[in-house]
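In the two complexes that follow, chain A is the common piece, with chain B as its partner first and chain C second.
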Partner chain A sequence: MGKSNKDGGAAWVNYVGLFILLVCYAGAFWNVISAKRQESRADVIRLVHWQLELGVRDGLESLIEQFEAYKKEQGQTVEVVQIPIPERAYNQYVTTQLIGGTAPDMIQTGMFPTEYLGRFFHPLSVYLQQPNPFNQARLNELESADNLSEDEQKLKEALSSYADGPWMNAFTDGLRSQYQETFQEYFGVGFSTFTVRMYYNKNLFQKALGHSRPPESYAELLEFAKGIQRYAQESGEEVLPIASSKYQVNVFKHRYMANLTGNLARKFDLDRSGGADGLEKLMAMLRGDFTPWTPEYAAAIDAVQQLAIFFPKGFMALGREDSGFAFVQGKAAMITSGSWDALSYLNNIKNQPADKRFEVGIFDLPVITAEDEQFGEYAVGRSSEAAAGTGFAFGITRYTRHLDLCVEFLQFATTPEKNTELNLIAGWIPVVHGAVPGELMKNFEPNYVGYFGATSFDIMPGGKALLLEDQIYWPFISGDFGYDTYAERLWQALPAEAATDFKRMYESSKESIPNRQLRRSAFLSTMVLGEQSQEARITNEVNLQRSLEPLLKLMINQKKIDHMLAKTLDQTPDDPRVQAFNQAFFRALDRETSN
Partner chain B sequence: MAKDISLKQVATYWPLYFFVLPSAMLVATFSYFPAASAIYHSVFRWNGNYIKIFIGTSNFQKSLGTPAYWVITLLLTMTMIYQSQKPTLFAKVTKWICGLGFPLVNLVVLSRLHPPAGLTPAAMLTPALIWVGLWLFFRWRMDVDSEYKGILNFVAVFLGGASILTALGLQEVLAWSLSTFVAGLGVWFLPSRTEKVPMLDGMRISQALAGVGMMVWSLAQNAGGEVALWSGFGVIAALVLANLLKMVPSIVTAVVIHRLKSEASNYWYRVLFVVPMIIPGMVGLLIWKFFFESKGLFNLILRETGIMHLLYLFDAWTENGVFLDKTRAAAMSTSEIMAAASEAAPAWLGNPDLVLPAFIVWGFPWVGVVGVLIYLAGLQSIDNSVYEAADLDGVGAVGKFLNIELPLILTQVRINLVLLIIATLQMYGQVLILFGDGGGPNGRMMVPGLLMYRSAFVEGYAGYACSIGLILFFLILVLTEINNRFVRVEK
Partner chain C sequence: MFRFRYFPFFFVLLSFLWVGFADESGPTQPTDMLERAWEEYRFLSLDQAKSYFNQVLSKEEGTSRGLEAKLGLAMIRQYAESGSDLTGAEAMYKEILAAGPETEVADLVRSNLADLHISRGEKDAALALLDQLIEERLHSVIGQDALLRKVVLVMGEFGSEQSVAAAREAEEKLSEVEVSTDRPLLVPILSSLLGDIYFRADVIESAVAHYERYTTIGSAHSTNYASQASQLYRLANIYENTLNQPDKAGHFYRRLATEYSNSQMAYYALEKAILYNAITRDEVRELRLGGVTDEILDELFAVKGERN
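What follows is the complex of A and B.
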């Protein structure tokens, strides 16, 4: 390159970098300015959630627009910004935002440790125990109107049953599912509820089986799946009986675990809390009452394994999206998923080429009944979906500068009409009395009648034993080895992981006591020494009363652990496998505690 | 070149330091502060927030295991390395006592903790293949006319002994440490006249590194630390070794582009290699995921090329049970095995035995964009006169690569090597996206980074996660130091 060329070229080329830098700085500057301007011209509240399913963001956006319009009528400019975060990054995002003190105003609860609730979220019982003003206003409006339509009449009846009472009474479960026993407090308000069903391709059923009715029993589900497999082999058409992935396997597993091990859960429930907690399950393992060879557990695992032969090869490495695609493209006859996927599935099927579209049927996962030849003797009955409760719940973080506005938004969203509208667009099930589910969601209405509770080898949520069971289950359900190997491997590795979980539970329980005692002392001293308004005094009294129960529970829990351990150790198990488990567990626990 | 300046000059030029200040503050805030915080929190039981209880070295004990075993092994090794530098009789005796102490400690611990491995074709084959490979390497590098070439057979005999010891039922780790010790006796105790043997230093270094490797393996097996962490290091070790081989295609590609005579072609090839950089990594990840699916392209290629058939035959012969059920395979004829292979569609990412090989194959043909560009930059700095001189001497294409290009881009190779080791040790995002925080089938891909993430964000044990982070940090530091010492650039 000649000198003259170099000089001439460099004259402007050298400024390209500077130009890009300036553009970037200007962009960043503009971003900050616009955010500041946004905050100065309006009260901005941000809400974060992980629901990326079709319709949900639209539903929320519609709700937000209505709320903003309502506030404008009131003379207040408000902007509500929704921030959707992918499910896999949600826990990490929320954790860092909460700990870093930069969390948004409202956060969808779940996917993060429950202890964050007590630490970073506003308690909501004060508001939930008061009537929701939107419901009261609407009821007054309906009562003063003369000619009510049939729907309005129904709404009036529903509202009159709770509008003047506590806000929490508006929810189908009385918001029980949002109640945090550890904190004796409510931290979230739910917008929707969810159930799990099976979707099936009616056209494919017709072609392969000669009818399009859903299976009515577990045996029939297997039979239909076999029929579709046979059809695929004979016709050469590439269709699977059941589209599945790790996500769907867990759905089947939980359902059939509940179906077949519910009795075990009640048997191990020493404190009569209604189910077996991690500690009670561990005691059952040490006594030898619960091992991988326990017939109920083995039956539940077997029930899923018999279905797994109809899943695609390598299903455990597939994602929920992969199995969903296979179904909507007509490559699978059935798939199990929740009501949250209904709208996405139907919309995707509608967008297929005309010759690939099909009619979708929805049925509940068949229950294993006492009549079932294989597993009937362990069948408890159908499992209840009462625990589904209220989901898609939002809590208000302590970092918010607009607490009242956030509460108002939650109240606005949980009026019957708004709740209906949100869930109609989202394709989900409403949770407020008087809200009407869309036509599609009628297939998903929760079944509240039935048993609940299940038993598996998890000791604590997110713990090591749960991880171990999950890891060994993967190759087993994929067909890499049989049940004996699965049981042996699980039982051999479980003591060390159970010991780690046990130590962590024990520590966590023990360490909570001084913290709670300190908190209670603070309430007491405020009450005795502090000068307070009547309102603050009442709140303090309520706090004081509430702080006693979990404290007592924790103290009793320590005694319970000691008692249960002593009781368990008094009994010498006969089974050499259980003896080996005990030895390995206590050896591992010794090592854990010596660290 | 940076020069030291006097204090007097600082008084004049101090405003210049303000230009460095923003960068220094950013690095301090986002790199050094978190690192210091991790060191501090590694001695606490900390949930990332409000529970913070001082627990001393417990986090490290949980991940590393019995301190006594570590201390004894490290003392023995350090004494051995220290004494190996000295020519005195005392040093020699101490060195060999320590060298022998290492397998003895292993023998005591192993006999207490583990049953013998037992004779399996795989147990015999693996060490034998590695040692024979090493022997072939030395044979290739040594002048065949050397009067000391008999030493090569000596290497093969001692090093191959590990496979025989394993086959006799000795634990693999013990067999290897005994063999390494005996090989060390041979390599380090050669008569002084053999000091002229070419590559002798290389052999000694290899033996010393193998000894350190044995030490780490033995500690991982026997010290009783976090099993998932150590199995994760095993996975990482396999991936690092594979990644070393994966560097070769990038070097070859860079050399081929560099040698293109046409300037325009050279330019366009470089552009072609830069373009894929704009494709998000996630897209590549999903493409490879589909590729490895049971009905994916990978299985099709393996079946069509006959590689699948070879894999099946090998699996049946070694009785590994990866593709075929062991008992079923024993009863199958060769034609039946071939027929099974013709229809085979293994799920590479869903099988605990295949997931690691799948990660090794991942990214084939392993031409890394950044790597190619770095090597190209190095190659372009080679003066044309060097090539002209080589042409006059009649050096061929391969000769030019081995004697000119490779030695002159060793700086770039070293940089890439360090970056590669660091990236592999820290790797977990790909596993997290593919399999979630469980580590995939049977937890096989629970790499240390993922365990650290899981401990902090799923289990709420951030202090323990910090201790894993520190262990990773020290390992990276040691490996980088080894790399800097032994990958020498002699221009």
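What follows is the complex of A and C.
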């Protein structure tokens, strides 16, 4: 009896399993059938992105509706389907779809390995070098119209400067940020741009400081923060001067590093390319020109540390959301974050009880200028946002059956008027010349004024030296130990980590050559065997030249490093601290090489 | 009665139905297959490419399409990132050459063979092929590609006499070549390499001549935006700090600021261009740069006044 009961239980579980499997199969079948049916009644293009913010999806939906209506007028039934995927699952989703050959027509670029672009996406340079017909058509319309409004007049002026030129010229950054140097190709068309600013609580400023103007200098930022701290102590009100987490510390660090160490980047730039790369920084360390005691570097670290006094206790354990939450609840006077948070901050503040709502002001992170008493002698200036670039970009996958339609959608979406509308709804910054940012976004418009370069101990992206600097920085900024300990620990441990990075960089240049050779061979064969019209031939020649640039860099990289190192060793000073660093570095390098 | 042991068969059947329903058919004609094979090759899907090339080869052996498919298969053997078969590739290339292909196809095969010898460390054999391509095809991309690879192969260390000699020889060859900005062939990238060789050997005048050529014959379109911007910065910096020619420095800073205004270096270059009288206030205004207010311009042009 007992036995039969057990069997009966097992059978029941099996049937449940079978049922679930059948439901999954049925669901999958239904998906395929409905997709087929949809495709039989219209040309369907699917686009996937990770922007789950309500405004963004709404903005995109509005664009889609207008595009579908436009195509319908032309006699073509088109359906554009947006598929929002949560950020956490995005990479996995995209990878599965691309490798399985079932990817949607367009994919928001990013969050997946760059290598995918070359393997699974259509290069877009050919299209981007042609005019966008929607811009040309709109310009013609405006030119033949009488009595243009002021806005239309401005739009006409903007369009006339680029409408008959390459489509890429329509973008405020010329779409440079979508150019992939590795492949020497453009793979994405962006819709928005992003910058970082400081938000502040004007009501709290008024209460605590007696005014509601933003700080105009770094010294004033410290002074205002002190004033707010004093107000909190005296009034007993639980308010923080600056809401912060690890994320925000990185923003401050990045800004003040650029502000104070930009000149070092030019000083260490051996090949005069416009900045010091990781190897040039390493050479500066070996020469003793760059150490944790270099005044510019120490000043930048100090500048952030002085601000950290005003961060909440235990800020290291807080998340970006926690600090944002503190600000919108009126518990912090200031916070630094990007334009992408503007709409959600404002909405959250609006949703607070009436007595908790407050007016938000926005200002750029105050720059340390030459007049600054503490750090003025190292001040370079603000960091330029000329290369802020375009984000929220879409690439077209090689699996699409509607390449031309996808290109047309992207062209339609990036006229000044459509770009204005999308970003107005999304609460983001437009990227097309002639597009008008919403009132709130005017504070975030990229500022061309400023300088470039920053110098820290990172030798290669994601490298061990960078990791080490990070590991020692966090306990230091949390107040666990002082700058002397920070500098000593960093300088002692750096040679071994730098040697690992150096070896990886030296060897990786050779390891990457076969992949670049393969790409070069593809372009060379296309040139010889592909279409032979004069225009196609020139395009293929250009493609070949572009594919050769990264290959050549790799081919001569070891020679460059050897030459740089030989020259550096001739300039090593007698300073015992530098000698010790060099000995430790070369010992570690020997160990690395013999492993 | 339903038996669980039949489930696997049931699901296999369903899966076949599924695949049959969802699968898209591929190309069937040799021309389409060949096109698809090269497309797969360009996307680096070498297994797919190989399958299409093999199909074409089995149907079109002895024809020009068959020869092209064989070339594709040889290239896959040679350039596959893992599991390359250089001996097999070499044998196939020789078969192709023996079949008497069109001139440019034969050049392509010789170019690939030179690569193959370089991979195997057979410098002399590689040089013989590269020299032949340079002699016969210098006015084409294939010949210039051979010249580029020859320079890298024979230059030795940066800063050495050998490197300067290699650059001089290439320079002489290049002087025979006429190019235009519309069709620069590979002259920009060759100029960049020769500039680097001279720069690292401290032959600065020769270096700047080649770097300048990179920025005049080449453009952001034919090379790359970031490299062009970087090369202009380098030229300006060399003229400013090494050759002590502020006018020339101003010229290149001006080009950087006006032609590459999306570069992070642009504002720095603008300041320098103003400092060296290379740009007027009206010209800066016309650039309509975000954040550059009249107040900032006053400040920048006041510095220029002080210098004068």
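Criterion: the second predicted complex is superposed on the first by the 450 of 595 C-alpha atoms of A that agree within 3 Å, B and C clash if a C-alpha of one lies under 4 Å from a C-alpha of the other, contacts with A are read in each partner's own complex, and residues count from 1 in each chain.
FYI, contacts are C-beta pairs under 8 Å (C-beta built on N, C-alpha and C of every residue); 3 or more make two chains touch, one makes a residue touch a chain.
Treat the numbers as computed from the prediction; the structure is a model and nothing was measured.
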Exercise. So, A:E541: does it touch chain B (first), chain C (second), both, or neither?
Worked result: second
For this session: Look at A:R119 in the shared chain and tell me whether it touches chain B only, chain C only, both, or neither; answer first, second, both or neither.
Result: both
Exercise. Counting only touches as set out at the top, which of chain B and chain C does A:R591 meet: first, second, both, neither?
Worked result: first
Exercise. Now for A:Y448: first (chain B), second (chain C), both, or neither, which partner does it touch?
Worked result: second
For this session: Kindly classify A:L518 by the partners it touches after superposition: chain B alone (first), chain C alone (second), both, or neither?
Result: second
For this session: In the overlay, work out which of chain B or chain C sits against more residues of chain A.
Result: C
Exercise. Is A:A580 contacted by the first partner chain B, the second partner chain C, both or neither?
Worked result: neither
Exercise. Of the residues on chain A, which ones does chain B touch that chain C also touches?
Worked result: 119
Exercise. Any idea which chain A residues touch chain B in the complex?
Worked result: 88, 91-92, 95, 99, 113, 115, 119, 246, 312-318, 462-464, 467-468, 470-472, 474-475, 478, 480, 496, 504, 507, 511, 591-592, 595
Problem set entry | Partner chain A, residues of chain B touching it in the complex | 45, 47-51, 53, 55, 58, 61-62, 224, 227, 289, 292-295, 345-353, 432-436, 438-443, 446, 454, 457-461
For this session: Using the touch rule from the top, collect the residues of chain A that touch chain C in their complex.
Result: 14, 18, 21, 25, 28-29, 32, 36, 118-120, 129, 172-174, 176, 179, 181, 184, 271-274, 384-387, 398, 445-452, 514-515, 517-519, 521-522, 524-530, 538, 541-542, 544-546, 548-549, 552, 555-556, 559-560, 562-563, 566-567
For this session: Spell out the part of chain C that touches chain A in their complex, as residue ranges.
Result: 4, 7, 11, 14, 18, 21-22, 38-39, 41-45, 68, 71-72, 75, 78-81, 84, 104-105, 107-108, 111-112, 115, 141-142, 145, 148, 152, 155, 157-159, 182-186, 188-189, 192-193, 196, 199-200, 221-227, 229-230, 233-234, 237-238, 261-268, 289-292, 296
